[in-house]
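Next come the structures, one after another.
Here chain A shows up in two complexes: once beside chain B, once beside chain C.
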Partner chain A sequence: MNASASERPHILLVDDEPEILHSLKGLLRREFTLHTAETGPQALEILRQHAIQVIMTDQRMPQMTGAQLLGQAKAISPDTIRILFTGYADIKAVVDAVNQGQVYRYLTKPWDPDELVDLLSSATAEHQQRKKLQAILETASGLCERISNSELAGGFREECDQLADQIKRLSDG
Partner chain B sequence: MLGDAISNESESTIMPSNKIPTLLVVVVLSEKQQWFVAGISLVDGAVDCLVRSEPANLDAYVGGDADEQLSFLRHRLSGAMQRGFDRLWGNAAKASRIVLIADQELPDSTPELLPRLAEHLGIWMTRPPIVFFQGKGSERIECFSELQLLAGQLEATEQTYLEKQLPTLQQKLADPTAWEVIAKPRDSS
Partner chain C sequence: MSKVSNHEEANSTALRGEPAAQLAETRPETAWRGSFPSAAVTSDQRMKVLMADDNEVTRLLLNAQLTGWGLDVIVAKDGKQAWDLFLEHAPPLVLTDWVMPRLDGLELVRRIRAHPSDHYVYVVLLTSKSEKQDLVAAMDAGADDFLVKSCDNQELRVRLREGARILRLEQKLAEKNREIRDAQAALIQSEKLVSLGQLAAGMAHEINNPIAYVANNLAVLKRDISSVMEILDAYRAQIDQLRLADPQAADALVRLEQSHDLSWIQENTTPTFDASLNGLKRVRDIVHDLREFARLDEADSDTVAIGDMVRSTVAVLQHLISEKEIAVTVVDDTNPSIECRPAAVNQVLHNILINSIQACGMRDRVEIRVGENDDTVCLDIRDSGSGICDNDLPRIFEPFFTTREVGRGKGLGLSHCYGVIQDHGGTIVVKSKLGIGTTVRIELPKQRCTQSTEGHK
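Here is the complex of A and B:
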């Protein structure tokens, strides 16, 4: 990949162990713009301040678990792709997080560094696709509304309204 | 795609790599409650001392119930393995199998703790797969025939390299300067 610094996707890494963050920075800094946080509250603050494409968090942290963090992250930045990782198989946390739609992927330590880079690249590509889809939906929604409000709608006004409504629901996620 | 819960996949899905295939060996010294992570090259058998903890790194399990002890140990040791993976990556090597050796039973635990830990890791850590051994004496891991297999299976080549290099690894354990030291996490705990 090796994009220029301004083009690199923004990734937020969250782990209460600074040394793990340090390792991740060494691994990922060439391909991504990295933000790091050692606690859930710190991570939420970064999410409020920056356009983050992917957040990747440890599950087991003091103050706030990774699943709890991702739940709040979803509310602050719904488009951000969410990845949860943990060094132990806390099945309940995983099931809860997945069922609540909070995670794109769940990873267990130890992960293969090369595969992590691939995963994050896929996640940022997914984020880009979602943004494109979002833009298309917004355009289509506006077009439907304009047609519906014009003489062009003719006998299809009701169908246009229904379509606009469906697009809006899709767009709102 | 949302909500795909993936963990480790089967051994057969490991992608080919141009990196040096390596055994990632994690040694747990039970009395000291300390871990060491080394690589043993499957090309030439070279032993690479990677990282170690300070003594008492594992002491947070003491006093917990059996499930808490298991949860803590698998979390902490997974972190140790992750660091080993990261260091191998920096050396253009790649773990093709994890070998975990606990020199003996952990103090203040039941005899079931290590077998349960081995069973759990054997189920969850399949990419690469793990082999778990328990030794018979304090800080003695040099003799392969004294190690009791708790989970997993080595291939013949892997066993040859491991058996040959255990005495070297044993010597390295006594040299604290040979390893990068990992600080104990602040919460721990």
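Here is the complex of A and C:
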């Protein structure tokens, strides 16, 4: 049932409490390859260096809040699935982050261990789906371009260009 | 007037020339009926007066006169008897002779003044002594008024009426003081609840993180230990092979297993982890309830019919109601609606009703009355259960206050209710009599005022 180390999805955990990070490592080490950071800037550095499928961050941290971190993470690595991890008092922060489109899911502390594993599994599955879709779209858009530039296009050139345009917008969004 | 040494003679002439028959006609003072300190008023609402004189004729005359004026007269033959009767009846008004055997009037006044009483006692010294220094001595001892004998009955009447007026004022003052004290106590109580709410909010936040990782660690350990056990079993399956190669090592391993009671460990680790996780879940629930009390969560408002909520709550609790054969009636003529957080208000109804049912004995009654005013709806939940004693009543909304035995009930139900109702801009008042029952009155505004709940972080 355990994936071999090389296949395991890469997950970045961010929390300013080392005890939380340690505890989460214990829970998740079998299914995922884990990266941890205790501050926002540290997390962003890891995000630049590694291909991270899912980032899960605490909201309340010094220097940078979780929502701020996810905002910057989106710019660095748009495909990474973003999860906000909050205490009870941070509902407003969650609402803001969700509305700004920075968050895929949020999880409240204390969390249920099984729920957390399920959430991360579905997040990585989602990431894989997106990746596949992205690849298909790229292929399709490349194909459209080639058809449009070739003799084959004939009377379909206009439709081809339109489709290429739509695909481009879809993969950017 | 000269100083009279023969007080017997003076006493006998105190009310000279005024026969009892005439006194009966001077009975206009019905005004002092029914207006005296409640502690001192008898069942027929007449004011009690203690009258002490060692002269029998004076006693007879004064008794007739005072009774004629509508007073409830307690007669004493001397100071000692007067003191005993005073302790027994606690009259608000005392009319006493000065010179008496056993205990004189002055000493009687001093004792009355030194005696703790829940109402003021108005004392009139009636005496044949008439010098200025006598008056000073009497007033110093604590007398309110000083009457020289052979005063006429009209003078006595107006002096006593004056005493009654002062007693009335004193009673009003005492009432006002009581009201102020009650208001102050209520204020302190509500401030206490507010600060407890802030404490709860802070606690909930601080406790949350450690609970989070301790619970997670337990789950991790539970899983990892079961992995270790699996590995261990795989090794143990090889013990026969080991015995062939190295019998001593195999025996040592078996002894080690026995000395650590491995079979117990294998059986009990999982239940131990489960019990710990369960305990932690309870802590988590307490934090959750405290958070509710502190109103940390804001959910969406909805407009709902309060009577429907009441009926559905009754339905949910039907098994408890049937168990005790309690007669539950819901009176709801207008079925008013309110804007509220339905889940929170439901929880309040649930908590209050459970308390009522628990206070009930077999075949008791619970009545829930839904009413409305212009801007508010009110709910009266009345039970004929055991009631709450006076000592507990002011504390029922405090978090962790419970009268149930330790371990049953966390004492958060009513504090939670208080928090929810306050948050909705409503009020909740509990009235109760031990052995008679309890009434909870909840008043909620029909429209939710959108007051800011910031500052409860």
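Here is the rule we go by: the second predicted complex is superposed on the first by the 171 of 173 C-alpha atoms of A that agree within 3 Å, B and C clash if a C-alpha of one lies under 4 Å from a C-alpha of the other, contacts with A are read in each partner's own complex, and residues count from 1 in each chain.
Throughout what follows, a residue touches a chain if its C-beta (ideal position, glycine included) is under 8 Å from a C-beta of that chain, and two chains touch if they have at least 3 such contacts.
Computed from a prediction, not measured in an experiment: that's the story for all the values here.
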| item | value |
| --- | --- |
| Clash or fit, chain B versus chain C on superposed chain A | clash |
| Partner chain(s) touched by A:27 [first = chain B, second = chain C, both, neither] | both |
| Touched partner set for A:109, first chain B, second chain C, both or neither | both |
| Partner chain in contact with A:151 - chain B first, chain C second, else both or neither | neither |
| Contacts of A:19 with chain B and chain C, given as first, second, both or neither | both |
| Partner chain in contact with A:98 - chain B first, chain C second, else both or neither | first |
| First, second, both or neither for A:87, with chain B first and chain C second | both |
| Partner chain(s) touched by A:7 [first = chain B, second = chain C, both, neither] | neither |
| Clash with chain C, by chain B stretch, listed 5-13, 95-103 or 167-175 | 95-103 |
| On chain A, positions contacted by chain B and by chain C | 17, 19-20, 23, 26-27, 87-89, 109-111, 113-114 |
| Partner chain A, residues of chain B touching it in the complex | 1-8, 15, 17, 71, 74-79, 81-86, 89-90, 94-95, 98, 120, 124-125, 127, 182-183, 185-187 |
| Chain C partner contacts - residues on chain A that touch it in the complex | 17, 19-20, 22-24, 26-27, 87-89, 91, 109-111, 113-114, 116 |
| Of chain A, residues touching chain B in the complex | 16-17, 19-20, 23, 26-27, 60, 62, 86-90, 94-95, 98-99, 101, 103-115, 126 |
| List of chain C residues in touch with chain A within their complex | 201, 204-205, 208-213, 215-217, 219-221, 224, 284, 291, 296-298, 457 |
